[in-house]
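Please find the structures below.
In what comes next, subunit A is part of two complexes: it sits with subunit B in the first one and with subunit C in the second one.
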Partner chain A sequence: MTFPQCTHLHYQCLQLNGEVDLHNSPQVRKQLLNILKKNQSVLVDFSELSYIDSSGIATLVEAFNIAKNKELTLTIVAASGAPLQVLELTHLDKVFTLVNSMADIKE
Partner chain B sequence: MKLNCRIEKSASTAQLCQIRSEVRQACAKMNFAESEINLITLAIDEACTNIIRYAYCGDESGRIVLNIYQSENAAIFQLQDFAKCISPSCLELRQQNLSQPGGLGLHLIHQVMDKVELLPPENHEGNILELTKHLP
Partner chain C sequence: MTVASSIIEVNNLVSHYGDRQILKNVDFSVEQGEIRVIMGGSGSGKSTLLNHLLALLSPTSGTINVDNIDITSANRKTLTALRQKMGVAFQGGALFSSMTVGENIKLPLKHHTKLDDNTIDIMARLKLELMNLSGFEDLMPSELSGGMLKRAGLARAVIMDPKILFFDEPSAGLDPVTSVELDELILKLRDAMNMTIVVVTHELESAFKIADKITVLFDGEVAITGTVDEIKNSTDVRIQNLINRRPREENVDAEKYMQRLTTGRN
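Let's look at the complex of A and B:
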C-alpha cells in the first residue's frame, strides 16, 4: 500500500491514513526518505490518521533528523485523537512543528 | 478475577489491527474513557509488536494469546507467547534517547500501565507478560 502524496506550495505532502503500525511503517519510511532524498521539505498530514505506534513515531523521528541535517523541514499537520496522544506521551509535540491545518502552512 | 476476553492470533504484523480492535472493544466494556482506551490499546499493541519482533524474530508461525481479565479494581492483560524464555531484565527501562532506535515501545508500555510484570510461564514454555491498569 502506498500512501497518497501531493504538492502544497514548495512542500511535498505525505497523507497518512487509517492506522500506521509495524505492518506498514516501512512503507511510510520508504516514502519519507524518498522525498528527503529529493531535498524537499515535508508535510505529514495526520488528518485521516487514526492510530500510530512507536515504529511509525521512530520513522518520523528518523526523517525529522535527516531533514534537519539537510536544512529542510518536516511538519506535522492536523494531529488529533490517538496520534496526538502518542506525540504528547513521547514529548515529541515539543520537538516536531505541529500545525492545525494546511491553511497554516506558509511559503 | 473474571476472564472478559480471549484473543489468539498468529505472530504476524497483519494481525495487529484486529488485536487492537478487540482490545478497544474489551476496554469500552470496562468503561474506560476514549483517551484511556487509546493509550491502553497502544500499550498492548507495543507489547505484541515486541513479541513479533524480538520473541519470534518475525516467524509468523508463532502464536500470541491475550487474555483480558477484570478484577474488582483493575483490568489485567496477560499476553502469552511460546518463544524462548526472556529475562525479566528485558523489561527494565533504559534511558530513552529518541535519536537512537529501539526501546520506545517498552517506554510507552511503562508510561501507560500501572504495573508491568513477567509471570512464570506454564510448563516453562514461552513468556507471560502481565499488564495491569486500574479501572476508572
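Let's look at the complex of A and C:
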C-alpha cells in the first residue's frame, strides 16, 4: 500500500494513516527517501496516524538525517496521542520540528 | 482457538515438576494495557507461572490463552508467530556472550524481519538510548555490570515493540536510583506503546509503584489478586506478613516432619 502524497507550497507531504509498523515502515522509508532524492523538503502528516512503532520512528530518524545533510527540512505535522507519546518517549520531540497543523507551514 | 476478553487468561492451571505439585488451580487474567505484578516468596510458583505463560512448560491440566490463542494446544508455527508479539526480559539479561550488546539487541529483528540494516541499526540505538546504554553497542556482555546487563536484556525484549512484555525481577540487584528509573521506564512503555506488562518481583516498593493489579502467590495458589490498595488493606495474615516483611509462621506437623527426616518423602 502506498501512502498518499500531496504538494503544499514548496513541500512534498506524506500522509501517514492508520498504523505504521514492521510491515509497512519499509514503504514509508521508500517514499520518504524518494522525495528527498528529488531534493524536496518533506511534511509528514500525522493527523490520521493512530500508531507508529520503532521501525517507523527509526525510518523518520534516517530520513530526518538525510534531509539535514542536504539542507532540506523534514517537519512532522499534527502529531497527537500515542504517536506523540512515542516521540516524547524517545526524546525525538526535541529533535524533529513539530507543528500543529498545515496552517502553521509558511513558505 | 477460543475467544477471551483478556489478553492473558489462565484457568485452573495445575502444574507438577515430577511428583511435586507446584501450581494448584491457578486462575489468572490480565487485560490489554495492564501492568500486572506477580508477587510471592521463593518457591511460591511465580517463575513456574511465568514459564507457563511463555509456553515453556506444559501444564498437568488447565487452560492458558494468550492473545486469544490456546497455547497449551497451539502448534509450533502459531507459537512462533505469538512469540514475536511477546518480549521477555530475563533476570540476568540472558544475552549471548559471544555477541556484542548491539548484535544481541538486533538479533530478533535480523531473524524475524526484512527491515533495512539502517532501520535496524537506528531501532537498536533508540532502545539503547531508552535504557541509558548509548555508546555500549560494541561492548561484549562480559564487559557490562549487572544493572547494565539487565537493561540490555530489556532493550532486546522490547526491540520488536511487543504487545506483551514479561519481566522477571526487574529491580533485583540494582542500585535504588537505577531501580526507580526502570520503574518509570516500565510505566512509559505502557503509556506510549500500550504494552501489556507482566512483572515478577520481590520488591514491594517497585510493585506498589507500577502495578495496576497485583497477584500474590502462596505455595502455588493465588492468595489474592487486587489493586495496590486492596493488597495493602488485605486482612489475610500471609499478605500482611509479606507486606510487613514478617517471617512465616512455621506450622510443624510432627508426624510428617518425622517421616520426611527418616524416609526423605513428603
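Quick notes on this structure:
Following the convention adopted for this analysis, the second predicted complex is superposed on the first by the 107 of 107 C-alpha atoms of A that agree within 3 Å, B and C clash if a C-alpha of one lies under 4 Å from a C-alpha of the other, contacts with A are read in each partner's own complex, and residues count from 1 in each chain.
FYI, a residue touches a chain if its C-beta (ideal position, glycine included) is under 8 Å from a C-beta of that chain, and two chains touch if they have at least 3 such contacts.
Bear in mind that the values here come from a model prediction, so they are computed numbers and not experimental data.
Steric overlap between subunit B and subunit C is present once the structures are superposed on subunit A. Within the superposed three-chain model, A:Ala82 lies in touch with subunit B and with subunit C [touch as defined at top]. Of the two partner chains, both subunit B and subunit C are touched by A:Ser54.
Once chain A of one complex is fitted onto chain A of the other, the partner contacts of A:Leu22 extend to both subunit B and subunit C.
By the document's definition of touching, neither partner reaches A:Asp93: not subunit B, not subunit C. Of the candidate stretches 42-50, 186-194, 240-248 or 258-266 in subunit C, only 186-194 runs into subunit B once the two complexes are overlaid on chain A.
21-22, 53-55, 57-58, 61-62, 82, 85-86, 89-90 are the residues of subunit A that lie in the contact sets of both subunit B and subunit C, per the superposition on chain A.
In the complex of the two chains, the subunit A residues touching subunit C come out as 21-22, 25-26, 29, 53-55, 57-59, 61-62, 82, 85-86, 88-91. Residues 113-116, 118-120, 122-123, 126-127, 129-130, 159-161, 188-189, 191-194 of subunit C touch subunit A in their complex. Residues 13-14, 16-17, 20, 35, 38-39, 41-42, 45-46, 49, 52-53, 98-99, 101, 104-105, 107-108, 111-112 of subunit B are the ones touching subunit A in the complex. Note for the complex: subunit A touches subunit B at residues 19, 21-23, 51, 53-55, 57-58, 61-62, 65, 81-82, 85-86, 89-90, 92, 95.
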